[in-house]
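Okay, handing you the structure first.
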Amino acid sequence: MNYVLHILVMLEIYILLALSANQKIGLSGLLSLAQAVFYGVGAYASAIVITKFGFSYWLALPVAISACVITALVFSFIAGKVRELYFSLATLALQIIFFSVCYNWIPVTNGSYGISGISNPEIFGMKINTPLSFALFGGVVVSLVIVFYVWFLKTPISRLIQATRDDQIAVLSLGKNPNYYKRVSIILSAIIAGVAGSIYATYTTYIDPSSFTLDESILILSIVLIGGVGRIIGPITGAVIYILLPEVLKFLQMPDGIAANVRMILFGLLLVLIVRFKPKGIFGKFMIQ
Amino acid sequence: MSNILNIENLNKSFDGVSPVKDVLFAVGKLDIVLISGENGAGKTTLFNLITGLEKPTQGKITFNENNLANKSALQISRLGIIRLYQQPRLFKNLLVWENLVSAAHQNKGNSFVNLIFKHKAAKQEDENLKHKAIALLTRFGLQDLSNQTAGELSYGQQKLISFCMIAMNGTQLALLDEPFAGLNPQTIERFSKIILQMNSEGITFLIIEHNTNKALEICNRHIEMKDGKIYNLKQQAV
Amino acid sequence: MHLILDIATQILLNSIVSGLLLSLVAIGFTYIFRTTRVFHLAHGGIYVAGAFACWWTLTNTNNWFIAIAFAIAVVAILIYLIEKAVYLPLNKKQSNQSISLIASMGLYVVIINVLALLFGNENKIIENYISGSYEIGNIILTKVQMIQTVIGIVATATLLIYLKLSKSNLALQAISDSETISKVFGINTNNERLKVFIAGSILACIAAILKTLEVGIDPQAGMSITLTAAVVAILVSRMNVLLVIAFSIALTILQNSVEWFLDAQWKDGITFLLLLLVILFRTEGIISYNLRKDRA
């Protein structure tokens, strides 16, 4: 039972990551190879203030969110200056730089040793330290984000974020600033991924740079492209596929060592197939441009 | 009647090429000006210079007494100049009514801050704009398109919708780049009527068009360009 | 004083050799990127596939000729399939570069995971390891480095001669400027694309085998060198073999200096910081609201 709950918590985290990727890549059309950076900033910021300054989770969360917002501003500056492929390459560079910082800035991040002993959150005196309580906690967060999106996708600003994706020059001609819409979108994306990171940090109580690599960013990107971008159901589907696939393989009695590789092979193949034949993804509303 | 646009000694040159040379003319309020000339005569560059996408090497452009020299493209479009491109520029993944509402000059809901802190007012304004959009579409006989995805429309329909976006935006000066290109005669008629309608509601037009015959039916002025220079300025009664 | 000079010269020597190997990968990547516009991250997959094909054949037959021939064959067939099944159809659909980038990432993931399944994730070395070195004063040049340098030079020289003798260089330049116009002038763009992919893949395969001689191979090894090659490709921004070699060596010198004098693993961070700055400040990637360029 605990195992199922553990899967549920990871699913919740990946749904958040997929939704954050949907915001930036789907709604804004900014193909980012660096979603794991926001994930990592959220995780590391939480971990550092909890372990080094004794902050509670609820104090750490705003710190993590602020760190993500600052990171987001760096990305938006670049988004305002560089187009399409070169934006993706710039995010690639940022991702690798981020990993390098996590790995080498030992006084702050402890490098490859990672940060351990991250305490669990407490709410109204009760500790959230069991798989069940984390699954519930995660569930609440995911529900809040989904409710947010149901509302947000009908607002004028989300229309303009998508308009900027579709034709930023037209947006400019109409007297509106495309960079503003990119910035809002990137900040939203960063905050959601950062929250996922902070949950991850307090759940596993130990983090190290290997969770926030280029591979992870590529994975998050694949999840949202396979599931489909635009609607909420797409990212959720992608996350479900990613998390449940190894369980299906286990059920088919595939040994663990092989299962990890098979999962990635299937994922990679799915990605290529989707790009080739169904660019909208499974449930997507539109194609990545 | 004061001039809405004043262009003096406008020059653009780079790398030994001069797409625009010594251009000088003024546009009066509510004029509909046709700019014609062969390909490469400098017409599109002229538009680029007015809208701020390119900076002049020399010369001065004044819009409603505002000097456009140091202004960015965004600032210029906010002052009240809007431009239609040859290929219709729409938001292909949004619905037609959403395209129009997005084109509106002001909408509280476009700003995140307003959305949160003035959210009742923002919601109201957005609804009003949606009604305005549908009313506009109805006026031009396009209401059936309102819930379609803009990317699925035909070329002619897309051009019509981008026109409506100008009307929603309510700006003062509209620069149209080959509005009649690729359209059948009936649609051209429709367009001409819409331009005249919008003109009567206060929009001044500068139109680049190869189909001079059709364009002259609605324009009251005609500027001919060749090799970057204006070589003929005509006034005519409509 | 002497010591620092020795260290610096050693770093320089090592960098020239490694840089030469890097340039084999970078030449392929640059030509592929400029001609086909694909940001071919799967190049890293091809790199390790070639190395593993060679290693496996060598372990089973102990024959270098067969091993190298097999590796080249594997790599050529693999890239042929990838081009025909994925890149060319995407090109026909006029997809943008981001789409082919994503497809390339997917292909990379598939290739290295298949290799991991077949061979495991650990580093594989070549038995009968070639050891021994030469000493010039206080500078050491290992036998492996000698082999790498010689073969590296032979490979690039062959490529340069081929480019000079055939019409390919001109054709590739034309395609990189405008594919449509090249077709109008009778250039068989499909063929040229294929040639570029295969040639680039063979060069990467050779580099991979040479590197395996030195440090062995594991499935993850391809990404790092491909990304560095990509940095070179963007820095150089044109299809010039000698420039690519020069920049590869220069970048390697930078990386090795950072590694040595900063005493940390910052070299990746510095390399990509450089890339970021180049992207931000080169006009090539800057958003241009100029419509003529936009339309082209």
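First chain written, first letter: the chains are A, B and C, and each begins at residue 1.
As a convention for this text, contacts are C-beta pairs under 8 Å (C-beta built on N, C-alpha and C of every residue); 3 or more make two chains touch, one makes a residue touch a chain.
Since the model is a prediction, treat every value here as computed from it, not as a measurement.
> Quick check: more C-beta contact pairs in A-C or A-B?
Looking at A-C and A-B side by side, A-C shows more C-beta contacts.
> Could you name the chain whose Cα mean is nearest to the mean of all protein Cα atoms here?
A
> Relative to subunit B, which chain has the most distant C-alpha mean position?
Using the mean of the C-alpha atoms as each chain's centre, the farthest one from subunit B is C.
> Could you grab the centroid distance between subunit B and subunit C? Build each centroid from C-alpha atoms only and quote it in angstrom.
Chain centroid spacing, subunit B to subunit C, equals 49 Å.
> Let me have the rounded angstrom distance from the C-alpha centre of subunit A over to the C-alpha centre of subunit C, please.
Distance between chain centres, rounded to whole Å: 31 Å.
> Between subunit A and subunit B, what is the gap in Å from one C-alpha centre to the other?
40
> Provide the list of subunit C residues touching at least two other chains, using ranges where the numbers run on.
Answer for subunit C, listing residues that touch two or more other chains: 289, 291.
> Quick check on subunit A: which residues sit in contact with 2+ other chains?
169, 172
> Quick check on subunit B: which residues sit in contact with 2+ other chains?
Those would be 73, 85.
> Which part of subunit C faces subunit A closely enough to touch in the complex?
It comes out as residues 39, 86, 89-90, 95-99, 101-103, 105-110, 113-114, 116-117, 223, 227, 230, 234, 264-266, 268-269, 271-273, 275-276, 279-280, 284-289, 291, 294.
> Which part of subunit A faces subunit B closely enough to touch in the complex?
Interface residues on subunit A, with respect to subunit B: 155-157, 159-160, 162-163, 165-167, 169-177, 184, 230, 285-286.
> Show me the residue ranges of subunit B that touch subunit A in the complex, using the header's touch definition.
51, 73-74, 77-78, 82-83, 85, 89-94, 98-99, 101-103, 105, 107-112, 115, 122, 126, 165, 169, 171
> Show me the residue ranges of subunit A that touch subunit C in the complex, using the header's touch definition.
Those in contact with subunit C are residues 31, 78, 80-90, 92-94, 96-97, 99-101, 103-104, 169, 172, 214, 218, 221-222, 225, 258, 261-262, 264-265, 267-272, 275-276, 279, 288-289.
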